[in-house]
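Here chain A shows up in two complexes: once beside chain B, once beside chain C.
Our next item is the complex of A and B:
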């Protein structure tokens, strides 16, 4: 039997998705028996030119994790697309922009100023900034260019499948690999996971959703049996695709929404906001405002993983000079 | 490895096969959509500001559009025929009509589609009149916006699905709230049709404001003489259940099936024993200013408001009754021959079901004490028009004698029109009946006292049948008319004087009189806001209840099955109130005669494959239409109760709930296209 030809790549991500692949432990041997790997920067030494040398469509499946933030990530995404029959957006960052997508609340110049100037630990009196192109006496040095926003993989290349999760749970990875290995594939566009939300598999008891305000996980020891939302903890379970096995909730942590919305929902954060709005028990304006004030960092809470794919896609901000939307930041 | 062999890997076959369907649209058979677009000129209403031919050309280029036309009047028979012809000859299966508000003609065109064999919901209207031509003078901007709205409608209609209207049972019982002339008329008309009617009145007797009047304009009929037969008919009708001294506390449900809770306030009188003999209020030692007499006379603490009250059963005013305030007296109980007095009686809650509700809660008159310039409450002999009505009335505090505080007869009387009406400082609207009631009071004052009577008016509005003739008659009787608003009432030389600018003479005038009558504005009842909330009906900016359409649906409200009649909708005279009462009755009779209510198919639905039973939606439904299905562990929508408001849909975090005809797909497609143009 012909072995599957796989590639793994990481872009704007933390590396957790790659570690999750390794977390399948001894089953990695089954994968090794089934497949040959042609690119995996975290684990194996391949060069981009090795991939460039392959025939188009040579790789059967590419698992691409991380969002697309710079020109290098786009270049490799396009290269792997060309060389792969099936492109899988692997992990929440590739699927929805993920945590890096929250950077869309700021412009690229704001980000560079923050990182290279304003953080308390930064000492940079010469105001040095990274340059995409720099001439030295040996020749020219280049760095990838910084986009004005963070993009999910599907904004850059066509994607066949989505395996969400931060990181994707092991059993879901195995399901995907087995589906690929056996050729039992769902229609393109499918997101691996449940059609229903996390609540469907959540073992907690749900009664009436009425709260006076909200609490953060460190402020309360939740009752073990009762719905976390009904205890005032902001749990994104109702607005989040299931398939994770409610693993955070099992550990007394409210769902953070890493599987993104269900197929029917355009904007996970808007949906959760609307749902919470209906849960506040008071109809008195002052009390409602007080309840809302207990929500710390609404954008980071409701759009923790999906800001890049939300309706607004980020904060509406003035177009920065030299940096049209979707464009690349010029060297400073 | 033979990597380029496409058959070597199962993936490829599946992917290649599936690539032919459009990823992400989720819509089957979109290629079958054949849309016809019809741009209406509405005479010049639209065509004057919108270049209809350009919009038609633009529409013809849009996706799925197979035919685009513009026409003078799409709602006309030939206009509708265009659609029918295109269904037949061009095979269109979606229709976009760009014309007026769907509130005007959506039913028309739905019917058109149905007569052409298409489901009525395969229609979308683009409102290029109210939203385009009527809101700008800029032809270019109006045309561009019309094009954008048409593009949105074309994109949306592709997602429309055929929907079927259904019917639900209806309770053929009517609730009338308010026992004034409008409510009485409505109740009697529907009762005469053989249906059960419950009439709820807040006061101890029905009759309303009309019962307080002496004569009615322009015929000078005795108000009581024409009203009391109708009041008695209410009492005698087998089909009318009357609750006086009662209020509606809660309304739930929907057209055809309202559940209403009525609070019967404690009368402290057992009406089943009371014969109405009147001994109790004859003996009662406590006198209280009479509300019915506008504070001029007194009544007892146990009382019927007026002699012809229906029902003729007293109530105890617990705020003033010594038995309740001091814990001793008991005179009425001692003298009552039938033992009907019951100090222990409590409020009673009655729950009944009704198919329709008519609200006829009437009006009250503005209290001119708020405006010191007219002297009301500061000077003796400054009265309101209602107080003069009570003085003139033979059953009133002076037995019909118009007299001053000291008992003497006035030699000169001023009647001031538009007090608090047509006045930027108080109420901008015209109270409609005060011109005529001022004329009537002028006639009565002149007839009864022979006094000189001065009418201070801004404009005289004598618009009804026989009104102008009555105005002429009163002029011929020697009543003076001064065209100028009474600006101030002062005391001078031991008499009163009215200051005004006589706009016909162009001169300032100060007219000495003995009595000033302020004809004050008709205003919404002070509890009308609360009443509105109980019934879920809206006020218009002036505070009176809002009708569904000011011209064409004057008796309906935004809530199906709830109607309004009489002065609660705005000031009106007796003939108009009666007409509205009868009109509202006719609305109800046609509803009842149909025997069932049409249920819009535009309701929320739950995709049980998607719902994970999080219960977020359950407490949000204003109609209690959502419940939790314990077996399937999903939400369940009762389609008969659902009004399609979409509250649950907005809140549903999984997207399992949607409203038919307003799906995300439809709305997003529409918004995208509108913004793209």
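Our next item is the complex of A and C:
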């Protein structure tokens, strides 16, 4: 059997996805027996020009993790697309924009101002900003340019498969690699994972979902057996694709939604709004309002991983001056 | 000259009260602006917040959801759920930068045709003052067009470097 030719790439993400690949531990040897690797910046020393020199379609599968936020990430996404037969969006950032996608609640200028000027730990009296192109006496220095928004990989190039998760669980990675190695490929567009929700596969006991308000994970130690929503914790299980092995729930942590919505859900935030709104036990408007005031940051909580692929894809107009992070003006 | 802006409002009304109320406004020949497109659902509790977001994403300038008065829901408690959902949704919309006046939840009974008409007129004027809402597709196409031309990192400097 000829060996599979693989490439891995890391764009706008934390690096955890690459670590997840390494986490397959001794099974990495099976992968090594199965495959030759042509690019893997975290683990091996290849240069972009090595990839440029390959024939088009030479790489069998490229696992691209991370969202696309700057010109370099787009350039490499396009290069790898050209050189690969199959492109896999690997991890929640490549699939849905992930945590970096939350930056779509702000415009690029707001982000640069915040990072290079406003954070309490920043001292920058000359108002220095990163420049994409700068001449020094030794020559010219360049940096990748910053885009107006965070994009999932599929907004930039065609993607065949999606392996979600923050990071993707090891058994899912192996399943994807095995499917590819044995040529048993699902139809393009397939998201590896279950088509049921996390709730559907959750082992906890569920009774009636009625609460007086919500708590944040640091405020309580939840009971181990009982549905976390029923204990007043915001668990994204009802709006999230299963197949993750319920790792968080088993560790007594509510689901954070990293697998994104199921195929039948258009917008994770809207679904969570529906689920939580239906759970308030009171019928008194003042009490309902007080109960819901315990949801501190709906956009950040419900779209933690999927803002870039949500119906609105991000904030629709700039944050007004004086708006604190989160975009909500106090008292409004 | 550009045609004056006429807001497009999507109205999602429950069958048993609000739709009947809108109907009453019609048969009583009460005048109200034609900017609203009405969708009938069995109960306001059927209104998935996805409907509201999708209406905005596709270019509605405003969304009105209307059901029976509290206590009057044909299915006992559909509208209580709607109320709680709308409370969360309002917060979410605010974070997403959608102005308050573009989304409304109201209670209109079957005999409140006049009230329905005046609610719609009021909302149309409010949304008119806010101006058009841009559908996600359009806004996003514009953003994506910047993929080739990255944002100038330095405010005012144009990102052209120092030469």
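In the analysis below, the second predicted complex is superposed on the first by the 317 of 332 C-alpha atoms of A that agree within 3 Å, B and C clash if a C-alpha of one lies under 4 Å from a C-alpha of the other, contacts with A are read in each partner's own complex, and residues count from 1 in each chain.
Rule of thumb we're sticking to: contacts are C-beta pairs under 8 Å (C-beta built on N, C-alpha and C of every residue); 3 or more make two chains touch, one makes a residue touch a chain.
Just so it is clear, the model here is predicted, and its values are computed rather than measured.
Peer 1: After the match on chain A, would you call chain B and chain C a fit or a clash?
Peer 2: These partners clash in the superposed model.
Peer 1: Once chain A of both complexes is superposed, is A:209 in touch with chain B (first), chain C (second), both, or neither?
Peer 2: In the superposition, A:209 touches chain B alone.
Peer 1: A:109 in the overlay: touching chain B, chain C, both, or neither? Say first, second, both or neither.
Peer 2: A:109: touches chain C, not chain B.
Peer 1: Pick one for A:299: touches chain B only (first), chain C only (second), both, or neither.
Peer 2: Touch status of A:299: second partner only.
Peer 1: Looking at the overlay, what does A:266 touch: chain B (first), chain C (second), both, or neither?
Peer 2: Both partners, chain B and chain C.
Peer 1: Looking at chain A, which partner touches more of its residues: chain C or chain B?
Peer 2: C
Peer 1: Once the shared chain is lined up, is A:316 touching chain B (first), chain C (second), both, or neither of them?
Peer 2: In the superposition, A:316 contacts chain C only.
Peer 1: Mind working out whether A:18 is in touch with chain B, chain C, both or neither, as first, second, both or neither?
Peer 2: neither
Peer 1: Determine, under the contact definition given at the top, whether A:74 touches first (chain B), second (chain C), both, or neither.
Peer 2: Second partner only, chain C.
Peer 1: Does the superposition put A:130 against chain B (first), chain C (second), both, or neither?
Peer 2: After superposing on A, A:130 lies in contact with chain C but is clear of chain B.
Peer 1: For A:274, decide between first (touching chain B), second (touching chain C), both and neither.
Peer 2: In the superposition, A:274 touches chain B and chain C alike.
Peer 1: Take the contacts of chain A with chain B and those with chain C, and give the residues found in both.
Peer 2: Common interface on chain A, chain B vs chain C: 265-266, 271, 274, 277-279.
Peer 1: What residues of chain B sit close enough to touch chain A in their complex?
Peer 2: Touching chain A: residues 1-4, 8-15, 18-19, 21, 23-24, 607, 609-620, 647, 650-656, 658, 664, 668 of chain B.
Peer 1: What part of chain A is in contact with chain C in the complex they form?
Peer 2: 70-71, 74, 105, 108-109, 112-113, 129-135, 144-149, 151, 155-156, 265-267, 269-271, 273-274, 276-280, 283, 285, 288-289, 291-292, 295, 297-300, 302, 310-319, 326-328, 332
Peer 1: Could you pull out which chain A residues touch chain B in their complex?
Peer 2: Chain A residues touching chain B: 2-5, 36, 55, 57-58, 60-61, 85-86, 160, 180, 182-185, 187-189, 195-200, 206-210, 237-239, 242, 261-266, 271-272, 274-275, 277-279.
Peer 1: Using the touch rule from the top, collect the residues of chain C that touch chain A in their complex.
Peer 2: Counting only chain C, the residues touching chain A are 48-50, 52-54, 56-57, 70, 77, 80-89, 91-92, 94-98, 100, 133-134, 136, 139-140, 143-144, 146-147, 150-151, 153-155, 157, 159-163.
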